[in-house]
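The structure under discussion is supplied below as structure tokens; questions concerning it will follow.
The chains carry the letters A, B, C, D and E, assigned in the order they are written, with residues numbered from 1 in each.
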Amino acid sequence: MPSTDVINQIGLSHYLVLSAALFTMGFLGVLMRRNVLVMMMCIELMLNAVNLTFIAFSKFSGRIDGQIMVFFVMTIAAAEAAVGLAIIVSIFKRYREVNIRFFEHLKG
Amino acid sequence: MTADAFIFWFLSLVAVTSGLSVVMMANPIYSALSLAMTMVSLAALFATLGAYFIAGVQVIVYAGAVMVLFVIVLMLFDLREETKAFTRGQVSGALKIAMIGFLAGLIVMVMAQGVKFLAAPDVVDAAKLPEDSSKALGLVLFNRHIFGFEALGVLLLVVAVGTVALARSKGGTHAKH
Amino acid sequence: MPLGGVLFLTIFIALFGTLLIFLARAMGGDQTRNQTGVKFDPYECGIPGQEKKDTKVSVKFYLTAILFILFDIEIIFMYPWAITFRDFIEAGAGTAVGLSMLIFLLIFIFGLFWEIKSKALEWD
Amino acid sequence: MGQDIFEITINGIKLIVIFLLMVQAVPILVWVERRGSAFIQNRLGPNRVGPLGLMQLLADAVKFLNKEDFLPRKAVRALFYTAPVYALIPGVIAYCAIPLGTPLQIEAFEMAGKMWGPYTFAMQGFDIGVGIVFILGISSLAAYTILMAGWGSGNKFSLMGALRASAQIISYELALGLSIVGVIMLYGTFNLTDMVLAQQGPMSFSFMGNQVVIPWLPNWGLFYQPLGFILFFAATFAESNRLPFDLAEGEAELVAGFHTEYGGFKMLMFFIGEYAHMMIAAGLVTTFFFGGYLVPGFTPAEIREFVAQNLASTPNGISAITSVIHLLAYFVKFALFLWFFIHVRWTLPRFRYDQLMDLGWKTMLPWALFNTILTAVVIYVAYNFA
Amino acid sequence: MNHSLLMAILLLSPFVGFLINGARYRKNGPNLAGWLATTAIAISFICSILLVADLIGMPAESRRIAVSFFDWIVIDKLKVAAGFVVDPISAIMILVITGVGTLIHMFSIGYMHHDKGVAKYFAYLNLFVFNMLILVLGDSLLTMFVGWEGVGLCSYLLIGFWFTDKDKAAAGMKAFITNRIGDAAFLLGMFILFMTYGTLNFFDLNQLAPTVPEASWLGAATLGTLMLFIGATGKSAQIPLYVWLPDAMAGPTPVSALIHAATMVTAGVYMIVRLNAMFIAAPNTLMIIAVIGAATAVMAASIGMTQWDIKKVLAYSTVSQLGYMFLAAGVGAFGVAMFHLMTHAFFKALMFLGSGSVIHAMHEEQDIRKMGALKKYMPITHITFFFGWLAIIGMPPFAGFFSKDEILWKAMTSPLGHPLLWAAGVLGAVMTAFYMTRLMALTFWGKSRVPKEVHPHESPALMTIPLIVLGLLSIVGGWLGINHAISSILPGHPANVLEHWLGPVLREPSLDGVHHSVTMEWALMGVSVGLAALSAFVAYHFYVRSPETPKKIAESLGPVYRLISKKYLVDELYFGVIINPLIAFSKNLWHHVDVQVIDKTTYLLADLMKGGGSVVRTLQTGNMQQYAMYIGLGLVAVLSFVLMR
């Protein structure tokens, strides 16, 4: 890499590092939080981080397909959130519980 | 610092801060609101990359719809401050954190390698994309990705039917504990 | 890039609003610290507030929100089509794109009418 | 924001001016609403303070400022205070994306020993390429204000009001978003300025290979999208929580909805937010369906020509006067729609909640779908059977 | 209207019909379902006509309407588009499929009126037409294969339509399995051609086909086409895979008319004509095709002479006529094969529908020994059947005469032909005339042997109108391909329309340097027609004048007659030589290899797994976060590997 001006020359790697940071944060949340809803939010955060890489690669490789992938990922994420929340709500309605450790009882 | 660089650093600061607070906040409602904030700042970052339409969709779909749903559910359930927000296992907790750290390092290293491959001068040509890419997006979407488009339509239909069925369910067949 | 303007205005309004809050507090007096008396109870038309632990809120709200997400995405999917439809027609691909969108719309319509028929959208 | 310090400064000032104008418009609108409602209901309305009661605005502002700051016992402090401040943001930012006039062009000039310019200042907060998507996205964030306020108040009526209001807003956002699809298809762009410019001149279009010109009608979107207009306009009423859709604050059931616990200046900020949404609605209707800032019967080029011949001689002057003329044209249309909003409020009764949801999901959404399909078919036929 | 739209409507209209009737198969009544299905096919027919009209308007050399909807499969070299082509060959097919299909659908409304599953029946029928259209319109072998499998499925569903009858269900199964054998060969052929030529597109393959005929038996063209031909013997009921077609008569009669006479069974012929250049490049394959075609024609005809079931006779007749088509294709006369395909579609559909009408009238009785003298009860059925009869035995000027005669002529004179092939063809024609006359005589003429409780009646108009239309087509259908000899004596010398139509797209062996006199043509024609007429007369004499004679002859022939009437014991042969040994072998395998070796091994493995599982099961705690951690660990491993590499 010829350019050394890390602060002013914003390039692909900046976006990638940012997205890596967000991704790991989300993953940490999935591993550490107890609330199922928060875990789902952390999954959304991870998906968003991945979206950022898609967009960054799309921009820096000059192909629009990355943006379309993001479009699709968003759809899938929304569908996932809808179904996931529906499941959580039906469990909550019955047991008044959102702790992930409680969900262990659902094991067959 | 140039204006573009300033915007990038500012937005990434916002994104990282709010992302951290998603994970760290004990009150799930604050988590959700922080996540909405992250999503908006990510949308702005998309805009810095020229993906204006996707940025708009990010705000509409994620911040304006999915997170609203989360907040509504949280408020419906009346979930407030949690005393035990984090799982506490001595060994597994340490293992998890160690793994996350290791993973973060690995991801950055892999990306650094990947960028090296991508950095061939003919590939990194940001001028290839038009400044306003929404029309190009539509053209490509309906040419090359038309099948995925239709499939997602069906997926959404299935999810719509499924969630209604789930929401109607009385919550399982077993006796209450 | 207009992004700078958006950021600037956002920060400006946030600061402005905060300033107003503090200005109002300075002028009208701060009653937020010692909350004593009936005055600070939740306002429920003057009747003493009562709170049951198990408040039942209709699940309808959340169902509406879920359906909103799904239909919202389908509508968003129409935007790239709407913006390029005339280009496709001029390029001679109007029939194919129109038909594929018609299929999508039929799925949408089917979903909508299924929801209506299954009474998922009934409020009482 | 701009290339150099001059442009950045001017743009910054422009944004602040637009914001302050919007804030200032609210008391005026409140006055108009009170006088107007009095007029409609055969009363007098505020008429004591100042001429025609105009000074009532100032008196109200002073009163608001002097209310004591108040936090209910069960409230969540952070949310309770963030909500009103946040209420201002989406409305104002979204409004800034609407074009208000032809751009102001300034020739190159010398200042402080340096050459500056030439500059082009758009007569809008910021010119966003994907204007509609931006506005929809930003205004969809308004739901958070309501939820934050409703939850933060720690009052069950507030929460119920907030849930109702947010469910209502998101439901009508569907009809709103779908009714625009026809408009987007008509103009083939997301950009609001391009949309406005597409509406200049007399009504003309090509249909099945024939060029049709109707000289006595302006080329406004209204005539191409009548159904879309009705749906869009109705949905914006619901979006801005105005009557007949103000279910969120139905006094009989919910005390006052999500802002039950609010008073003083915080309440005023919610007010500003609500009126900002009304202004966005009026601005968008003007832009989509009524030619935006265009003067009916004259294209911007004709007006510029007229100004150059009769009113001004320097290029800067020509550009400025042209912009002002268009700005005025815009504000006339804009004000008409604002009045329409007010008029409707004092004309129609309120819906019941189930009627409201039925209207949104079972009536407007299918009709908006129909409008979309109809537009697509008409465009397809108009282009293909030449 | 542009072509892609027309093509889409043409293809999707039957599919939409299928969806509607399929979705409401319990609710739609016979009239609604029937008319819906008929309308769907009629729309397709109109689209076909519009497309073909456009095609006629094009210059002869470039007659091709190609529509590609989207890229279906793109894997490296394999690029298959969802592409559909109307050219002179497929034009004939779509007209026949949708045209005859419409008539048969209409007939079905009357025929199936009292059936419970009528909506299901029409749904299947529409699905069949949809698949058949894909088969004939597809522009590559793979697209064709989709339709090929699809029609196989529909054929199975429709043969076993009355699946509560075990025999009928078994007949469906037999058809399906027999076809499977052919399909495997078809796939192999496809692989060979793709490996060699790198494409599956018909037009590319025809372009790439070797211009010098391949002498070797192991050349790619020969092997590939041979495999494809084996596939065709399955679908088109040729030796050795013809056995399913007679059993397939278990299905409703209109199905037999549509699928097992007019359209599906001709798919093999169509496929060969489609790949004409490739087949021409493989003369060895063509020789086999010609021999098998001739053998099938003779053998099926001989079986047909001994059958008593009206539909079985027609089924063997179909097999025999398909043999003629393969004979034509085998001597390189692809155009004539298409010609006979078309005329056969008319008259055989007519005869099947006629037999359906008879069966309907006789209250599901199919045995011709219990019929006779139906002429007076069913005049319209009789007269139309009469035309079909004249057409199939090759009496001028009916449709069958022109096409069959042309086949015989080509069998004799083509460079790939041989006098023996001609002789076999004539023998087949003579036998055809005999058994068809026998069928005619036993069913419609002579003395009535109808049981007393049965009161035959003419069928309703819904059923007779298709018969009349098809009867007319059986008369005039052959006039599209009048040969040179006849043309030379007719006023105005009508041209051979079909030859001009198909000529530009076919690569047939050149007839240059081979001169045959018109006299010889007349002579050959005279011989075949004369023999056929004689045979018909003999049959008439036997079965109307002196019904005792056939029995005597049958008795005097003894074992030969029994062999033929038992269909040469081919089914039994297959059972004895292939199926039973296979079952025995499988049983041995099961007892000794499967139980002793494989099962024991798997049990051992299973026990190991069980043991291992009880150890690993402790990992499945139900704690999702642990699972997520495992995912993370996997990610770490993968990333480490990427970095180490």
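General remarks:
In this text, contacts are C-beta pairs under 8 Å (C-beta built on N, C-alpha and C of every residue); 3 or more make two chains touch, one makes a residue touch a chain.
In this text, all values refer to a predicted model and were calculated from it rather than measured experimentally.
Considering every other chain in turn, the ones in contact with both chain B and chain C prove to be A, D, E. Contact with chain B and chain E alike is made by A, C. Via touching contacts only, the remaining chains, with chain C excluded and nothing moved, are held together as one piece. Using the mean of the Cα atoms as each chain's centre, the chain most removed from chain D is E.
The greatest centre-to-centre distance from chain A, using averaged C-alpha positions, is reached by E.
Comparing chain pairs A-B and A-C, the larger number of C-beta contacts belongs to A-B. Centroids of chain C and chain D (each the mean of its C-alpha atoms) stand 17 Å apart. Remark: chain A and chain E have CA centroids separated by 55 Å (rounded to whole angstrom). Centre-to-centre, using mean CA coordinates, chain C is 60 Å away from chain E. With centres defined as mean CA coordinates, chain D is found 34 Å away from chain A. Shared interface positions of chain D, i.e. residues touching 2 or more other chains, are given as 1, 128, 133, 159, 163, 166-167, 170, 173, 177, 190. With touch defined as above, residues shared between interfaces to two or more other chains in chain C number as follows: 4, 6, 55, 57, 59, 61-62, 65-66, 68-73, 76-77, 79, 83-84, 87, 95, 108, 115.
Looking at chain E, residues 625, 629, 632 sit in touch with two or more other chains. Two chains count as a pair here when they touch; such pairs are A-B, A-C, A-E, B-C, B-D, B-E, C-D, C-E.
For chain B in complex with chain C, the residues that touch the partner chain are 3-4, 7, 10, 44, 47-48, 53, 57, 60-61, 64-66, 68-69, 72-73, 76, 78, 134-135, 137-139, 141-142, 146, 149-150, 152-154, 156-157, 159-161, 163-164, 167-168. Listed in rising order, the residues of chain B touching chain E in the complex are 87, 92, 95-96, 99-100, 102-103, 106-107, 109-110, 113, 146-147.
Residue ranges of chain C in contact with chain A, taken from their complex: 59, 62, 66, 69-70, 73, 77. The part of chain B that touches chain A in the complex is made up of residues 1-2, 4-5, 8-9, 12, 15-16, 19-20, 22-23, 28, 31-32, 35, 38-39, 42, 45-46, 49-51, 53-54, 57-58, 61-62, 65-66, 69-70, 73-74, 77, 79, 82, 84-87, 93, 96-97, 100, 103-104, 107-108, 111-112, 114-115, 118-119, 123-129, 133, 136-137, 140-141, 144-145, 148, 152, 155-156, 159, 162-163, 166-167, 169-172, 176-177. Residue ranges on chain D touching chain C, taken from their complex, read 1, 11-12, 15-16, 19, 64-74, 77, 81, 84-86, 88-89, 92-93, 96, 125-128, 133, 153-160, 163-164, 166-167, 170-171, 173-174, 177-178, 181-182, 184-185, 188-190, 255, 260-261, 264-266, 269, 353-354, 357-358, 361-362, 365-366, 369, 372-373, 376, 379-380, 383-384.
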